[in-house]
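Both complexes shown next keep subunit A, but they swap its partner, so subunit B is in the first and subunit C is in the second.
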Partner chain A sequence: MSRANFLRVIVVSLLLALVLRPEWFAPMFEPFTPPGAAVIYDRTSLLSLSLSHLGIVALASVAAIVVAVLLAILVTRPQGKAFLPLSRTIANMGQTFPPVAVLALAVPMLGFGAGPTLVALFLYGILPIFENTMTGLSTLPPATMEAARGIGLSRRQRLLQVELPLALPLILTGVRLSVVIAIGTATIGSTVAAHTLGEVIIAGLLTNNTSYVLQGGLIVGLFAVLIYDALTQLEASIRKRLGVK
Partner chain B sequence: MIEIDNITKVYDGRPAVDAVSMTIESATITAIVGTSGSGKSTLLRMVNRLVEPTSGQVRINGEPTAGLPKNALRRRIGYAIQGHGLFPHHTVARNIGAVPRLLGWDKDKIYTRVNELLDLFSMPPDEFRDRYPAELSGGQQQRVGVARALASRPDLLLMDEPFGALDPIIRTRAQTDLHRIQRTLGSTILLVTHDMEEAIQLGDQVAVMDQGQLVQHGTPAEIITNPATEFVAEMVGGVDRPLRLLSLLSVSQILEEGAAEGEPIDEEASLREALSVCLWSGRNAVPVERNGNPIGRVTLEAIRSRAEGIHEPS
Partner chain C sequence: MPNRIKSIVSGPGLFFTGLGLVALYAPFMTLAANRIVAGEGVPVWDVAGPEAVIPGFAGLLAGLALGLPAAWQVLRLTGAMIGIAALIWLLMEGSTSLLEGAGTYARVSLGSGFWCLLAILLLLAADALSSLSPGPKMRGALLAVAIVVSAMVLWSGVLTDLSIFREYASRQDAFFNAAWRHLGLAFGSLVVAAAIGFPLGVYCHRNKSLRSAVLPVLSFLQTIPSLAMFGIMIPLLAWVSSAIPGARELGVVGIGFLPAFLALVIYSLLPVVANTVAGLEATPIVTLDAARGMGMTRHQRLIQIQLPLGLPVMLAGLRIVLVQNIGLAVIAGLIGGGGFGTFVFQGLNQTATDLILLGALPTVILALISAITMDILVELARPNKMRHG
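Coming up: the complex of A and B.
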């Protein structure tokens, strides 16, 4: 086994243990717990929090990918060029709005729970994917595109068979950035009662219990690292297939 | 037969191609030569309608191309370009089979056709079918590009500086290959180049373009011996003209009886090569052989007489 894979196994095991058997780590967190308080968070199962956290991230990311990629395709077509500045503005606005502000604004409309968090993550995730997809679609090798036209591929065939596959590594880079940001940002969703790992952190902050904060933070951090790594691997393997560096 | 009839392309009020007419006979190579900006690529791209003509018409075997759906037209015309333009995410086999797949050929037929073409280009199918373009050398990539253009047995093959990105040695080999393959398959080729040498070597007909106009269209020998304008003369290159003329003729055309000393040359060799051999070895005559058997000789005197511009080559 290579060193990288060995490390991966260790990190995955650590994460599984933290989520499924948190009590094993009690001695480690003991020193950070105020006297009389519980060492390990036990109000909700960490597994259910993790799954719900990842579920919210996945849902928001899929929506962001669909919207961002479609938008990027639209503005790279000749008839959609006029929409480029507008789309850029919208995508940028999504990024400049702090997610907390989005939560605050969304709660009156969507109520407490997962809704506002989904909206905030979705808006926040669009920009990196949009920008990367657009770069990918507008920096394709000119000779390949010329040949694709010259041998008689229709527009649709060019998009599906040539442009998107060739832009895929860059699109994935955008997705990776977006997803990792979303994993971290989802924690603040718990301030408006979304069921995420943020709940553990917030409970810790409210009761001055540092061991809760550490537990929640550690689990979120490990998820982010592992998912980042997995997406990087996927990207590298696709790049290799394309014969590009 | 491809007829280009009074075709014009105007960009921003200025003609890039100005009322060009020419006829390309089936199973021949026509090379369009010109400097950059002469409109030669635009002319080529109007044939498969990558550029829509402002006026005029192209007919393939009598059928005007303007009436056909663009993509259907392009699938009938092979297209090979500088820098090959292969799909980097597809294997060699998939690249070559691209047009047959678009035309809906069945799998077995495509498989056989791809192997046939790889064999034709001296690339063993077992070794090359499943490779990706990035795993090939420049010369191999270029051959795959031409193979892709030929895959569906098109009525016409368009080539835009197909050898432009190759280094000189590979380039010469690619030109020889193309010539051989064209003769084998009887393809009709319209090729664009900025290199007069290439045009003369490959073309059955050479068309010279300057500032959007077709200034001369004829056999290589006509172009060399009788350039129509200053510009053509300059393209042909004053000093090299006798040598270029010699390169069009083969030794067998001035073969004479008799023997000579030293290394023989093949009857298929050009007079330019024969001259070179004479000069290098300091001989006045060189023995000529056919399939390894001596059949006569060629003399320096005879070569010299054919290099004089006043002789219309036969």
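Coming up: the complex of A and C.
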């Protein structure tokens, strides 16, 4: 087993233990607990918080991927060309909106709970994927496109068999950016009553219980790092298979 | 659409004008009995008497209609400005007339119709601008005009009847404190990160093994969700303050400004270091060889060749940091670090929408202004032949 894989196994087991058997870590967190307070977060099961956190991220990201890729395909077709300059401006300026602000602004419209978090994650998640897909589809090597036309592929075949596969690594970079931001924003989502791991951190901040803060922070941090790593690996293997750098 | 029409009518213009006509039916403003309860929507034609609504409505329609032509971008831009002026006029007249006899605690807020129309008009303006693609100096001038005009509208007091300005009026001092704190967090951490990151980037550029050690660690840190990072800073600094003698006297405490500041510095390092390395690497090898042939030392090559050529990429790194920090500084509000986040989270706790807006809108505007300014600087830093427009 390579050193990187060994490290991955250790991190995954640490994460599983933190989520499923938090009581094992009680001695470690003990010194950070104020007198009389609980050492290990026990108001809700950490497993249910983790699943709900990941569920919200997955749902919002899948929706964002579908919408972003479709929109990027539309604006890079001849019929949608008129929208291309504006789309670039929107993708560029839209990403300057702080994700927290998007989350807070969704609350007046949708109330508290998972709703505004989902919508904020979805809206914010679209932009990096949209931008990267647009770049990927509009910077394809002209020689390849000429060859695809030359062998008689229809527009639809060119899109599905040539353009999208070639743009895939860039699309995946966008997905990775978007998912990492979504994991972070979902954590903050617990301030608007979404059922996520941020709840543990917030509970710790409100009661000055540092062990909660550390526990929540560690779990959500490990999830983020592992998912980031997995998506990076996926991207690398696809690049390798496509033979592009 | 037949091609003749297609070349006359702009696709995005038609799309947004259509959306704008639909948005006219959405509630333009809301009237509520107090600052907490949900308000009742008022359509745009009912916000005031006909003598105020008719010119405003006409202005809106004109603004939307002028967005239609495919050519004449300046006219489209002017149209969007007319539309936005009409929006402000309607808000001004509407807030006064709706509050008349509505009770002391009554509040008028901005409705979904207003927000949609504002977004549509701004998108029309953005579409016209991106077709014009003005050069960096022109963009700077346009940004300055936009800021001055908005400041004049805000300062003139014509909008003070709106609920968000009532929220502002009752906490003016706190607002300016929060603004300074927010700027201090965002720009201060940028300065510290640049002071650490530039030298580190130069060393990483020279030393491949240092680079392969530093960059993965920094991108790992970047991945950690902000709330976790801010949270973990608290015990860390509390420990430093109790374990190292004299730290507490220097103001190292676990809660407030410092943990937030430190978290922002950590997040800022990756873009600064990575873009410094990328910027230094951007110099073509021929150029470097020529410089070496002229007898330039490594130091001279760095200062006279690599830094000027890499400047746009390094500035692009600073743009990422600045925009990111302005947004992340909102989280400081959760750990007592101050800034606009204080209002956002207070507003969420009280379910007072306009207090959330009082925190969120300045943050968004600050981020937008910074992004546009930095984009202009990046373009100005480019060598002449690479600059376009």
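Here, the second predicted complex is superposed on the first by the 239 of 245 C-alpha atoms of A that agree within 3 Å, B and C clash if a C-alpha of one lies under 4 Å from a C-alpha of the other, contacts with A are read in each partner's own complex, and residues count from 1 in each chain.
Everything that follows uses one rule, which is that a contact is a pair of C-beta atoms (placed from the backbone, for glycine too) under 8 Å apart; a residue touches a chain by one contact, two chains touch by 3 or more.
In this text the structure is predicted, and so the values were computed from the model without any measurement.
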Touch count on subunit A, higher of subunit B and subunit C: C
Partner chain in contact with A:150 - subunit B first, subunit C second, else both or neither: first
Contacts of A:135 with subunit B and subunit C, given as first, second, both or neither: neither
First, second, both or neither for A:217, with subunit B first and subunit C second: second
Which of subunit B and subunit C A:109 touches, first, second, both or neither: second
Touching partner for A:101 - first (subunit B), second (subunit C), both, neither: second
Contacts of A:241 with subunit B and subunit C, given as first, second, both or neither: first
Shared contact residues on subunit A - subunit B and subunit C: none
Contact set on subunit C toward subunit A in their complex: 10-12, 15, 70, 112, 123, 126-127, 129-131, 133, 220, 223-229, 231-232, 234-235, 238, 323, 326-328, 330-331, 334-335, 341, 344-345, 347-348, 353, 356-357, 359-360, 363-364, 367-368, 370-372, 375
In the complex with subunit A, residue positions of subunit B that touch it: 48, 50, 70-75, 79, 81-89, 98-99, 102, 132-135, 145, 148-149, 158
Subunit A residues touching subunit C - in the complex, by the definition given at the top: 32, 80, 82-83, 85-86, 88-90, 92-93, 95-101, 104-105, 107-109, 180, 183-184, 187-188, 191-192, 198, 201-202, 204-205, 210, 213-214, 216-218, 220-221, 224-225, 228
Complex contact set, residues of subunit A against subunit B: 141, 143-154, 157, 161-162, 165-166, 241-244
